[in-house]
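Pasting the structures here.
The two complexes that follow have subunit A in common; it is paired with subunit B in the first and with subunit C in the second.
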Partner chain A sequence: MEENTIICRCEDLTLADIRATIKKGFHNPQEIKRLTRCGMGPCQGSTCRELLLKEVASATGKNVGDLEMTTFRPPNKPIKVKSIMMGVE
Partner chain B sequence: MTSLQKPEIAIVGGGPAGLSAALSAVRQGAEVMLIDRDPALGGQLVKQTHMFFGSRKEYAAIRGIDIPGKLMAALEEEGPEKFKPLLDTTVLGYYDDGVILADKEEEQAMLIKPQKTIIATGAAEKMLPFPGNDLPGVYGAGAVQTLMNVYGIKPGTRVLMIGAGNIGLIVSYQLLQAGVEVAAIIEGAPKIGGYLVHATKARRAGIPIKTSHTIKEAYGKDSVEGALICSLDENWCAIPGSDLDMKVDVICLAVGLTPQTELLWQAGCEQKYIPELGGYVPLRNEKMQTSLPDLYVAGDVACIEEAGSAMVEGKIAGLYAAADLGYAEKVEERYTSYYRELEELRAGPTGAKIRQGLSRLNGGV
Partner chain C sequence: MKPKAEAVIIGGGVHGCSIAYHMAKKGWKNIVLLEKGTLACGATGRSVAGIRHQFGTEINIRLAKESVRRMERLEEELDYDGSIELMQKGYLMLAYSEEELDLFNCNRDLQKKIDPENLTEILTPEQAAELVPGLNLEGLYGVSYNCRDGHASPFHVTQAYADAATRLGVNIRTGVEVAEVKKEGNRVTGVVTTGGEEISTPVVIAAAGAYTKTFGEQVGLDIPVTPERHQVAVTEPLEMILGIMVISFAHGSYFKQTPHGSLLLGVGDPEHEVKDFNERPSWQFLFDMVKKTTFHWPALREANIIRQWAGLYDMTPDSQGIVGKTAVDGFYLDLGWSGHGFQLAPAIGQVMAEIVSGETPFIDVGCMCLERFERGELIPEPACV
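The block that comes next holds the complex of A and B.
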């Protein structure tokens, strides 16, 4: 059933993928993000971030608020190269 | 080449909080740029076909869809030359020098450096992990409302609603109004989360509300054909043998909202995880000013609440962003009245969770 439960739909990651990564010893959401690309797709984690944090919290017995939050960088959404090509004064 | 724009105040998000902030700041005399990704202002209000509760000052007994027009009319009256809406424009980044990156389809991206920025980006819907949760037919309640109430499209024929908070209850009733059958509303908690008045309306219309129930899986070949639900015991564990097969073609998730804080993280303001307020929320003082002096917040991005309190927070943020720029007329007097209004909105048992969350945010336990 875990194979059939989607956590990150942009990067097509299932609950099984996330649990396997945690089982390997990765207990930091930022590390898991870099390893699996969870949250690095077009929506930049707006759907899966919370699910990932909760999964790590329940596997490690920690509170979500005590986990290291993933890094946020601009742009929040894809932007066309055309839109930034001309630069700004 | 585009040039750096320098408005006095930029507001990101034109929902109830952002619009009220704009009105409040313009009323003080400040010049405001209001940026919204949608083609029309109003945010989630544009699909709220039901009447609002709460404070009469914040448009109680008026349908949500009619509120943006009233705020726009007030802005028009206060000084249209001070108000610049930027529609169809998405803010994609906030840089540590206070510069905002905004993108408008088919145009050159803009860089904006306001003197004060108010973030009113609202919230995103929470997702639920269950097998089959990527099947076509699994929707967030916001999407269902947009389809029905904005575009006049039915999402399907028979719906299983997950979540008996206000959104789940109201959207169920709106589905009925659109002629869509609602098979059941299920809720993991042992109690209905939303207001009794919404719950009784759904019940009177014949929709069963099953508390202590959750979804086990969605099934279907190319899209949702049904869902297995089950009962939960007091420890939120599935009770064996309690499975129920529901034949539905839509599964609608109304399992809560989480603040859209991306820009706040990029800006680097301090945040704290407060489940009662919806997740990570920014620390702020009574002016709705974050730990970064030029950055203010209002509405769901600061705390998941209702449109009424979002509008009052908007007024406060707009008032002080303007006051800090020197537009300080009647600040104390206005703040006192807004503060009282917020207290009234958060009084009573329905505001208990918010009060507790805000006290924890401010260092209480």
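The block that comes next holds the complex of A and C.
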């Protein structure tokens, strides 16, 4: 993959951004998420999470399955404040 | 032989990391910081990271003033290779009664007395609407505003302290949980991890939020602290439409925009929130939060919420920190910051380093000692959610 390949579309992060963070010694996907915002976008990482995990795995020699997953937080899909209010009223 | 440390710090939140840096800067060698998760995984990383001057107790005003100054040049001080994402566009506090407005006036007077450079001003509802277009003025008596208040990234501030501490030789170990603080006679002698590793040390500094209570029990101290869940929701990033943090103590609600563009929306609900270590978010919060925040700012109805999370306040009887020495030799505390501890970490880190070194701290935090609860000398902060 090219260094300027976009890994996280929502937060506009390239492979180079992710690799630079890993190179600084951050090998935990949760840490990388918090420092770069990778996975914090509207899709919450449905697009980028796999790519991030693979990148960490290949840099550390670990299996993807052994890495700590980033947290997927509710609500699962973006929801308009207005729509939540309809539930209240 | 057991590994030895000059000092062990428990907790890798912003406080633990700031203490580590300030102690190392003072020349302490062989400091070990133990964090059970990752750095900033506790309250620090879950906070909304507001920084402000607008407090109502003398001690917080002093600590805040000093801490904001430090945040303003933190990247330089710590030689950080990232950005702490500092944004100073102000904090607006809404008064919904005459009494609340009086209180804001008193707070402002106290802030100015302590710090002549303090910029807090009391504005009319109409002036507030100029700062926050679309603000609902219904029931509003006035606001307190300080344009130098703002925001900084909790992850990056913590990381900046941690990196600087590491460069000065601190051994920061994540994924290591402390199970027990050991004591012989009246003096701490070391810590034991859940992995069974024992580190002997004459100095233990507990900065582990509400979890610190257990360590207190182990050395025979009663630390009156309880966890209390607080929740936040975040919207998708929007153009910068609201630089200001808006907060209502009467409703326990607040909202702000981060430099990244997302809006953070929160409500503190001490009456109904769970008071244990549960950090899972709830639907009830979303309902309550949208009702309150759209009342203040109806424009929010159109925003898309993409995520919500929860974190723990570490509550003390007066919602104020517990800082300094204890009756047990070598056992020091830094916790209990409830909902305003992120911003005070720069000053407290230095204060703690001075206390642990046997010096008089540059800000007198005597009123924040553990013994105040026994003596009944509480220092309630009127300006907090």
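Note that the second predicted complex is superposed on the first by the 82 of 89 C-alpha atoms of A that agree within 3 Å, B and C clash if a C-alpha of one lies under 4 Å from a C-alpha of the other, contacts with A are read in each partner's own complex, and residues count from 1 in each chain.
FYI, a contact is a pair of C-beta atoms (placed from the backbone, for glycine too) under 8 Å apart; a residue touches a chain by one contact, two chains touch by 3 or more.
Please read these numbers as outputs of a predicted model, since none were measured by experiment.
Participant: Just checking: does A:87 make contact with subunit B only, subunit C only, both, or neither of them? Give me first, second, both or neither.
Facilitator: Once the two structures are laid over each other on A, A:87 reaches both partners.
Participant: Just subunit B (first), just subunit C (second), both, or neither: which does A:51 touch?
Facilitator: In the superposed model, A:51 contacts subunit B only, not subunit C.
Participant: Answer with first, second, both or neither: which of subunit B and subunit C does A:79 touch in the superposed model?
Facilitator: Touch partners of A:79: subunit B and subunit C.
Participant: A:5 contacts which: subunit B (first), subunit C (second), both, neither?
Facilitator: first
Participant: Which of the two partners, first being subunit B and second being subunit C, lies in contact with A:42: first, second, both, or neither?
Facilitator: In the superposition, A:42 touches subunit C alone.
Participant: If you count the residues of subunit A that each partner touches, which comes out higher, subunit B or subunit C?
Facilitator: When the residues of subunit A touched by each partner are counted, B comes out ahead.
Participant: Take the contacts of subunit A with subunit B and those with subunit C, and give the residues found in both.
Facilitator: 44, 73-75, 79, 84, 87-88
Participant: Which of the residues in subunit A come into contact with subunit B in the complex?
Facilitator: Going through subunit A, the ones touching subunit B are 1-2, 4-7, 9, 15, 44, 46-48, 50-51, 55, 63-65, 69, 71-77, 79, 83-84, 86-89.
Participant: Residue numbers of subunit C touching subunit A in their complex, please.
Facilitator: 38-41, 45, 82, 155-156, 159, 235-236, 260, 281, 283, 286-287, 290-291, 293-294, 300-309
Participant: List the residues on subunit A that touch subunit C in their complex, please.
Facilitator: 28, 30-31, 34-35, 37, 40-42, 44, 73-75, 78-82, 84-85, 87-88
Participant: Which residues of subunit B touch subunit A once you look at their complex with the stated criterion?
Facilitator: Spelled out, the residues of subunit B in touch with subunit A are 1-4, 90-95, 101, 103, 107-111, 124, 126-127, 129-134, 217, 258, 260, 262-263, 265-266, 272-275, 279-280.
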